[in-house]
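Multiple structures follow.
In what follows, chain A forms one complex with chain B and a second complex with chain C.
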Partner chain A sequence: MNISKIRIVALDEILRGVKSKHVWFFSSALAFICILAMHYSTSLAFLFSDSGKIPFTYISFMIILIIGPFFILVTAFDSISNEVEKGTVRYIISKIDRASFMLGKFCSLFLIFAVLTFIVAIMGQVYTYSSGNAFDLERMILFWLFSSLYLGCFISIFIFVSTLSKNNKIAFTMSAILLGITIYFFMQGGNEYLRYLTPPYYAFAVSGTMKNTTGEIDYFNMIRNLVSMLLFIVATLSIDILTFKRRDL
Partner chain B sequence: MKNNHIFLIVIFAGLAFFEIASILNKSVMMAGILLAIITGMVLGIKIDKDPQKYTFLAVFTYSIIAWVLMLLFTKDGKFLLEAGIAATSLLTGFAIMNFLFNAIVGSFAAFVTCNISDNRTD
Partner chain C sequence: MAAAISIKGLYKKYGPRYVLDNLSFDVEKGSIYGFLGQNGAGKTTTIKILSGLSIPDEGQIIIDNMDLSAEADNIKNILGLVPQDSEFYDERTALSQMNYFASLKGLSKSEAQEVSNLLLERVGLQSEMTKKVGSFSHGMKKRLSIAQALLNDPKILILDEPTNGLDPVGVRQVKQIIQECNENGITILVSSHNLLEVQEICTHIGILKNGKLITEGTIEEIRRLESNGVITVGIYNISPEIVDLVENMDYVVKTKIKENNILEIYVNSEVDVKPELNKLIVENGGQVFKLIENSLSLEDAYLNATGMKE
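The block that comes next holds the complex of A and B.
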């Protein structure tokens, strides 16, 4: 693994890759939907207990939690399988080692979505300020961290499916199935411990803090879920790299 | 060993493990998912061609057989059958949906195992 090679792959994917426009389009669409929801939430102020304090951060956070994985699915499902299908992966891995290539792919998608969620976080604060409330930088940073990591979890698991697939068709089908399985595990509820394997469990655990604009922030809960998400990403990326190293290309 | 033999062994093993889970008083839903994953892993290693299809069929078959046996031979099943056709149909519908989800989970496990395994034919 080489940092400079990871940077080269990531920059190439972000700026010059064949799919970069496609990824930028879908990530911008996600940010646009979040901003649109925040904009029109003032018309639905009666839905909130205190109509003077609409939780803009919470609205955008819930949108990212619910529809974010679908946007990640359409952008990440073919990140490796496309290269395998076209045969370009053989040229790349002759120059760059497999781990760097894999991490470069992950970093490119992660950076794009992290930038877009940062813009959404700033827009949330702008709407909060324009509705006559003070800036809440703590929640803005927490929103950005959790949204980015949540989407990062999904990027890593869809890259895993993409690594296993021979072509884009299989990759898309299996990614959709995996998303369905994730939702199924998460919906189990109760004491079923399979939900601990799903990223939505950790993200929904902190949604209460995003909603409560006046109360204290439960930092212990925040840090616990943040570390859990980080561990999830590290574990999944490790499995991705191991799988890619084992694959016969 | 032929694929059909493995398929039959997995079905009987699935039924046996379901029985063990019910004796140990474990959550049948949880046991069903874990069993589907184990079935997928076993068939993904053992079967070279279309392990996903075989896993889906195996998980679905042993779940249906277990459900029918439960209806016919247990007190809960008798109680359910006595409750009327509406209640039985409703619960059977929910159960079949659950079996389908378990079968999909098993198929995915087979897909992952088949591709990670060294025994791949491609």
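The block that comes next holds the complex of A and C.
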């Protein structure tokens, strides 16, 4: 693994890469939907169980939690399979190691979505301030960290599927099925251990903090879930790399 | 001469089928090694393994005194690959594509720009370097593929069917580039179906069949080996004594007297035995008027070796 090569691959993907327009379009769309929801928050209050004043950060957090994975699906499903299908990966892997290439791909997608969730976080604070409330820097940072890591978990999952797939069609189908399975596992009963394998479990566990803007922040719960998501990403990426290293290109 | 590439006991299996079955061969430094074989013989698989795109099930590969299993990253620095039927990013220009690959090879931005310009000029794409690769013809893409393989001055260049699908002008250009690279000291391994082209540019060839190397050597050696070693000698005063003497030579398998004082000698030798035979016949009173070794074309030799000749 070589940090400078990871940086080159990631920067190329972000700035000039083959999929940049596609990725930027969907990630911007996600950010736009969040901002739109915050703008029309009063009209959306009926969606939440306790109608009344819904914090802007909570609205955008829920949107990212619910529809974010679908946006990640459409941007990440072909990240590796497309290169394998076209053969471009052969030029790259004949020059750098597979782990650097894989991590470069992950970093590019993660950075794009991290920047966009940061913009959404800032916009949330702007709406909060404009509605007469004080800035809440702590929740803004927590929102950004949890949203980015939550989306990062899905990026690593879809990269894994993309690594295994022979072509884009298979990659998309398998990614959609896996997303369905993840949602199914998450929707299982309260003590079902399979929930622990899903990123939404860790993200929804902190949604109360985003909603309750006046209460104390349970930092222990925050850190535990944050570390869990980080471990989830590290474990999935390790599996991604091992899978990619065994794959014939 | 030292080997630039040394492969020993290479195995690769896809499902139940062995694509490479105990493959072993050496590519000498500074040579152009032609890798021949039918479709599915294992040429591309071997090339993929050498360039790190595929993982062997078993076997040892030494490239420039480095073991591929232990020093893959160092090997990538001295190796250039022209893969078969691989696409580029269509929406990028040739120059931007080259700059990206150059930066992956560890060149700085300014170095990448300079080297990319030079290489695109070398492969004749200087006027096309700012055009998008999507608008390139197959031949232009092949030349771009060669240019990217030459980034960072590789010691070894591996080309998988480099002239496949090219028009005659494209074939000539690619051959010229390969020969120039070899003149600059680059060892070249090239797989091809085109025997004429192999005959023209390669110094050594290896013929692969069902994942096994069935024969290898210089083109002359292959021709000789596959021509069954038949030497035709014309002797004016041919006698049973001369025939007996010839038959008693170690490397002579059998002889056959033909019409018009022609003696056909079947030999089993990898070295040229014509001078020795000539000396023997002359010293024993024979007057030799013709002495020819039946040499096959590379195509015949290839067909013989692969068992495809009717």
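Everything that follows uses one rule, which is that the second predicted complex is superposed on the first by the 236 of 249 C-alpha atoms of A that agree within 3 Å, B and C clash if a C-alpha of one lies under 4 Å from a C-alpha of the other, contacts with A are read in each partner's own complex, and residues count from 1 in each chain.
The criterion applied here is as follows: contacts are C-beta pairs under 8 Å (C-beta built on N, C-alpha and C of every residue); 3 or more make two chains touch, one makes a residue touch a chain.
Bear in mind that the values here come from a model prediction, so they are computed numbers and not experimental data.
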item: Touching partner for A:Y184 - first (chain B), second (chain C), both, neither; value: first
item: Which of chain B and chain C A:K95 touches, first, second, both or neither; value: second
item: Which of chain B and chain C A:G87 touches, first, second, both or neither; value: second
item: When both partners are placed on the shared chain, which of chain B and chain C touches more of chain A; value: C
item: Touched partner set for A:R246, first chain B, second chain C, both or neither; value: both
item: Which of chain B and chain C A:L151 touches, first, second, both or neither; value: neither
item: Where chain A meets both chain C and chain B, residue numbers; value: 246, 248
item: Partner chain B, residues of chain A touching it in the complex; value: 164-166, 174, 177-178, 180-181, 184-185, 188, 192, 194, 243, 246-248
item: List of chain C residues in touch with chain A within their complex; value: 48, 51-55, 72-73, 76, 79-81, 83, 85-89, 91-92, 96, 100-101, 103-106, 145, 148, 151
item: List of chain B residues in touch with chain A within their complex; value: 27, 29-30, 33, 101, 104-105, 107-108, 111-112, 115-116, 118, 120, 122
item: Residues on chain A engaged by chain C in the complex (per definition of touch); value: 2, 4-5, 8-9, 12, 16-18, 86-88, 90-97, 245-246, 248-249
